[in-house]
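Just dropping this structure here.
Should a chain be cited, it is by its letter among A, B and C, assigned in written order, with residues numbered from 1 in that chain.
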Amino acid sequence: MSFARRGKFTICMCIIQVIFIIVFGVFADYDPAAKPRREDKSAESTIGMYPMFQDVHVMIFIGFGFLMTFLKRYGYSAVSVNLFIAAVIIQWALIVRGVIHQLLHGEAKFTIGIGDLLGADFAAATVLISFGAVLGKTSPLQLIVMGLIEVVLSQINEYIGLDKLRAEDVGESMYIHAFGAYFGLAASRVLFSEEIEKSSSKEGAVYHSDIFSMVGTVFLWIYWPSFNGGAASGDEQHRAIVNTYLSLAACTVVTFAFSMCVDKSAKFDMVHIQNATLAGGVAVGTTANMPLDPWGAMLIGSVAGIISVLGYKFFTPFLASKLKIHDTCGVNNLHGMPGILAGVAGACAAALANYDKWGESLFEIFPGIAPTYNSTDYTKYHDGLQSGWSAGLGRTSHEQGGYQFAALGVTLVIAIVGGALTGLLMKLPLWDNPRGDGLFDDGDFFEVAEQGFPSSGEGGMNGIKEDTRIHLMEKE
Amino acid sequence: MSFARRGKFTICMCIIQVIFIIVFGVFADYDPAAKPRREDKSAESTIGMYPMFQDVHVMIFIGFGFLMTFLKRYGYSAVSVNLFIAAVIIQWALIVRGVIHQLLHGEAKFTIGIGDLLGADFAAATVLISFGAVLGKTSPLQLIVMGLIEVVLSQINEYIGLDKLRAEDVGESMYIHAFGAYFGLAASRVLFSEEIEKSSSKEGAVYHSDIFSMVGTVFLWIYWPSFNGGAASGDEQHRAIVNTYLSLAACTVVTFAFSMCVDKSAKFDMVHIQNATLAGGVAVGTTANMPLDPWGAMLIGSVAGIISVLGYKFFTPFLASKLKIHDTCGVNNLHGMPGILAGVAGACAAALANYDKWGESLFEIFPGIAPTYNSTDYTKYHDGLQSGWSAGLGRTSHEQGGYQFAALGVTLVIAIVGGALTGLLMKLPLWDNPRGDGLFDDGDFFEVAEQGFPSSGEGGMNGIKEDTRIHLMEKE
Amino acid sequence: MSFARRGKFTICMCIIQVIFIIVFGVFADYDPAAKPRREDKSAESTIGMYPMFQDVHVMIFIGFGFLMTFLKRYGYSAVSVNLFIAAVIIQWALIVRGVIHQLLHGEAKFTIGIGDLLGADFAAATVLISFGAVLGKTSPLQLIVMGLIEVVLSQINEYIGLDKLRAEDVGESMYIHAFGAYFGLAASRVLFSEEIEKSSSKEGAVYHSDIFSMVGTVFLWIYWPSFNGGAASGDEQHRAIVNTYLSLAACTVVTFAFSMCVDKSAKFDMVHIQNATLAGGVAVGTTANMPLDPWGAMLIGSVAGIISVLGYKFFTPFLASKLKIHDTCGVNNLHGMPGILAGVAGACAAALANYDKWGESLFEIFPGIAPTYNSTDYTKYHDGLQSGWSAGLGRTSHEQGGYQFAALGVTLVIAIVGGALTGLLMKLPLWDNPRGDGLFDDGDFFEVAEQGFPSSGEGGMNGIKEDTRIHLMEKE
């Protein structure tokens, strides 16, 4: 069996990597700013986004990777498979985005610069959020199947939302967070089995695995302003940073307040602290570049913290027991519901936006609202080269709000249907799907350092493997 | 009891957060660079400080948070409560700083941009330093009481020092490090109890908690140049980076040399490595932007390393046993004495500064020394728009040195008196103050993953909880 | 004995630090951009490289430090001694580089700015790579001896390669990675003893030490584009970032594919994941700024991944058992062979480079190929101030390829001969060289928190020290 597994995995991944190289060979080129023989030095300015790209890069690989190390016997997988999946997906996302945005628009090549690397990292985030829903229950090959399909669907969804519906989402809370969460949850529903319910003793943490997880939490918390502001510029970026910072701070305070409140012993729960503190970053993602005013950002963050903690406490157990939707990391509480909150807030903000308060920013933030080229409004408001906006679609604010809602709806439909169908494909007995003892256990796919490998049970000599304990008992 | 605790904490924090939102709603606005409808694109330049802000942000949340995880049974609290306290304080600091610097100067609103976020993070650092002194001995509510008061006092002190006395401190070694340390130590003195002395077996580390702590140490070490240089610009910033880098390098070498020297078995002590290696960053903070010359920075760092190691070895036990000042993290050795050293070095540098060596930088660094507008010196030295300095107070170098000393003295007085009074308030039996087994123990306020939770005793089966061991013994 | 050790180490390090301060006092000055009284504000632009410098800084101290924490009983040493050695070396490297590049060229002072700090960090990387080869087998003093000599030789080698042979190496894969690896391996060969072979049970990991190690791996992985691009600018830098990102992604996929393939149970091996995933960063280092095209970077990364995994599986055991070259971290597989691959790729790229495809970038990347000042080619291609290149040596592409090969050869010769001779010096019984139980064991040089300190044996009660277990047994 291990021979078959080895062959299947190695051959699959080699084929995929070779295909990637060939596709890149035929269709990929450097971004103009990265091409040789370039005389136009203005393109260098894209380097300026490099620090923010690196912040996001840390979030993807350290943030998501370590956040998921909380499971006592699944730490190798969390951080390693996170790296593996992301390495596959960033290459695939460059191709998919290149096809959607360049090849299908008649260009012979798709181009790669720092902005595209950022886009690829964002695409990886979508898949890694779904990974959180199925963590411990999937093999690497299943995750590759999921990731390859999910990137295509999520990028199509983003194209529909951003380019067709012109529904804005600067921090991609709808297109990444909500999409990733509900795609993953739909897949998780399909993959549900009774074995998963029986493995609950391995779903807990050990003391130090919870601290490893905080490495991920805190880096995500720190760099979230770069996630929400990375794709913006000028005053929009500045506002995105301030709003995200304030939203996260308020969310964190509320998370602690409610974590103790809902606990039977009036103590804090590390699960809430590891996750719900971040919900403020998701919830303000769609509106981060809008002039919410500082208090508005704080309010959104506070609401997100409440929703997230209550979700972990009451909704996750309900989903698992009643709907058979098992959500290992609780992505519904960190990415799902806060993502919907973000989308709703974005739609409301759009509907309430007006020129008197927002000024020309209205047209910069919502090209859908910007006047059409021939309209009288265009000549009235546009002052030539100084304006930061181009002719738009001439929607009213309320219409834009409707389009924002539509984009959220489309996102949820594509995510749930796509996730369920992908789950069916993942369920085929082709991908070395983990079963029984392999669930939530590094031992299934990793050579494990036995020393210090936590026991699978709850009680007992904390930190010591079951069979070692028995061995000790026998000796006595 | 747990019902009462839950209610008190949740209600308190919700009220505080609601007040924050209301105050921000009434008084807060975006920085001009973050406002919509902005046509003046020059304000965008403040985004340029974002990478350094993020470095400091990592120091506050990863650096301080993980540095304090060294206690074997207090890792959850260290990194989580650090996040919680900082989230409260950064909001509060934005208000307090807004009142002091804008509202009291007649402005209707206080404004928030990236520079203000950096200021808020700095303010949080002050409180987190004090947290180090009382680590393991305080409840979250006690820390909130401490933090809310400390921010007001430390910001007033900074206002007196910087704006009134014009005593410069680019890396805020006096206004943050010395203040935070002595405020915390004074509070710790008041909170002293015999129970704390008796809990010494829980004050140690376990092997991996010491390594977690190094995550904090090394990130603090790496980003300290951004802390000292973040508020400067141009050549002052460049110099602050070089000086801090060199001071830390020299301090680290000396720390290792003296750590082995003072150890009874001629071995390195992780406590020194986790902390004293950083003293060079504190000690050069006040003078970092001054033309110390590279050797000067290295000398300051070396002296700081010696003071800090000797402090840990001899002074901390003395303070605890003789003066009943229990200093969990040894903040006196990392922030206190090196902060005083920084202040003294700053005063000496000011007193020795002269135009021949420093040129116009003298007036840029010390506006107190810059000539007054109508003086003959002003017309002699100022060459119009090209100059980086404005008219100042016309002090001599020696006078400036005196003002630097005065600021250090004021800082120490406000910190110690304020810390002691705050300690009295914290001692009131209102804040679920930890006692007995709750000291230095996550179990008091956190749902703990029992597996892998280190035992509270020194000896025994390392890594295994006391009662589990007994359970094992009984079985035999 | 401990008295002697303490005295020797403390006095040595104090003398070294005092000498550093004196040398800096006599010969060091700030970079013009960091000097006071500066009116030319253009020099400020060097601050622009600060974010990339900080990325590299994280790689040196967090990346290398934590990568080496995988050994179960050597985590304190890995991260602490990494910090110590680097702190010594960065000061020493500033001196050595100053002598080579400034004092020997007739300048009275060597200058220090952010670019020099980056150079010093790079120099430290060389020594830390060698540290990986001898990890667990050397005392701090031995490492200081090694580092002081290695920096001199590696900087001379770099000077020969870069300045004399004009062999380009933007990410320093030859001058840092290959040099550091083979220097360390040569030293390791000389230091080989049978005691090292017998300590194999301590060479393993425990579960959480493997996860600590991933902190290092992932940060190295994330920031490697800054390592390869940090010394470049403009489109070269942009390309270096894109190429390194793609190479690492491809390398990671291939590493996972081959790690399972070569494992007897068809599982992933954390050693491969911690190390081989990074080989793509090394292998593309020399060519990162060249227009490889995206597929070329991915191909190099893929080959590096294969070489590195196969090296860990087959070559490292062979080197240890047959050639008595014991390579604790497998630096041959991560830095050595991929470094040679980088050098060969660079030579081939140079030999195949041509003006038609590369345009003027050819002359910017390879000053050796740029036309000489009086040549007809110079007047033909050079268009005045707009050109980014100056007159060069007028080599053909094939000649440049030859020089690249020559630089690789010189690097290997100096590294191996220098490393072997340095190893002889390190073997002298002067430096408190570790023996017996002191090998691969923090207990030799650190006060260890006994709780949680993993046992030295393979089996048994995982996580519990041998003697504690015996103690427990006796009690029963």
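Note that in this section contacts are C-beta pairs under 8 Å (C-beta built on N, C-alpha and C of every residue); 3 or more make two chains touch, one makes a residue touch a chain.
Since we're looking at a predicted model, the values are computed, not measured.
Chemist: Can you work out the rotation angle that lays chain A over chain C using Cα coordinates, in steps of 5 degrees?
Modeler: Rotation angle between the two copies comes out at 120 degrees.
Chemist: Chain A-chain B contact: same residues or different, taking over half shared as same?
Modeler: Mostly different residues: under half of the interface numbers shared.
Chemist: Could you state the distance in Å from the CA-based centre of chain A to that of chain B?
Modeler: So the centroids are 33 Å from each other.
Chemist: I need the residues of chain A touching at least two other chains; which ones are they?
Modeler: Answer for chain A, listing residues that touch two or more other chains: 51, 208-209, 215, 454, 463-464, 476.
Chemist: Considering the complex alone, what residue numbers of chain B touch chain A?
Modeler: 2-3, 5-6, 9-10, 13-14, 16-17, 20-22, 24-25, 28-31, 33-39, 41, 43-44, 46-47, 50-51, 54, 57-58, 61-62, 65-66, 69, 75-76, 79-80, 83-84, 87-88, 90-91, 112-114, 117, 140, 208, 212, 215, 444-454, 463-465, 468-469, 472, 475-476
Chemist: Under the definition above, what is the set of chain C residues touching chain A in their complex?
Modeler: So the residues of chain C touching chain A come out as 51-52, 55, 72, 204-211, 214-215, 218-219, 221-223, 226, 234-235, 237-239, 241-242, 245-246, 248-250, 252-254, 256-258, 260-261, 263-270, 273, 277, 291, 293-295, 298-299, 302, 357-362, 386, 454-455, 458-464, 473, 476.
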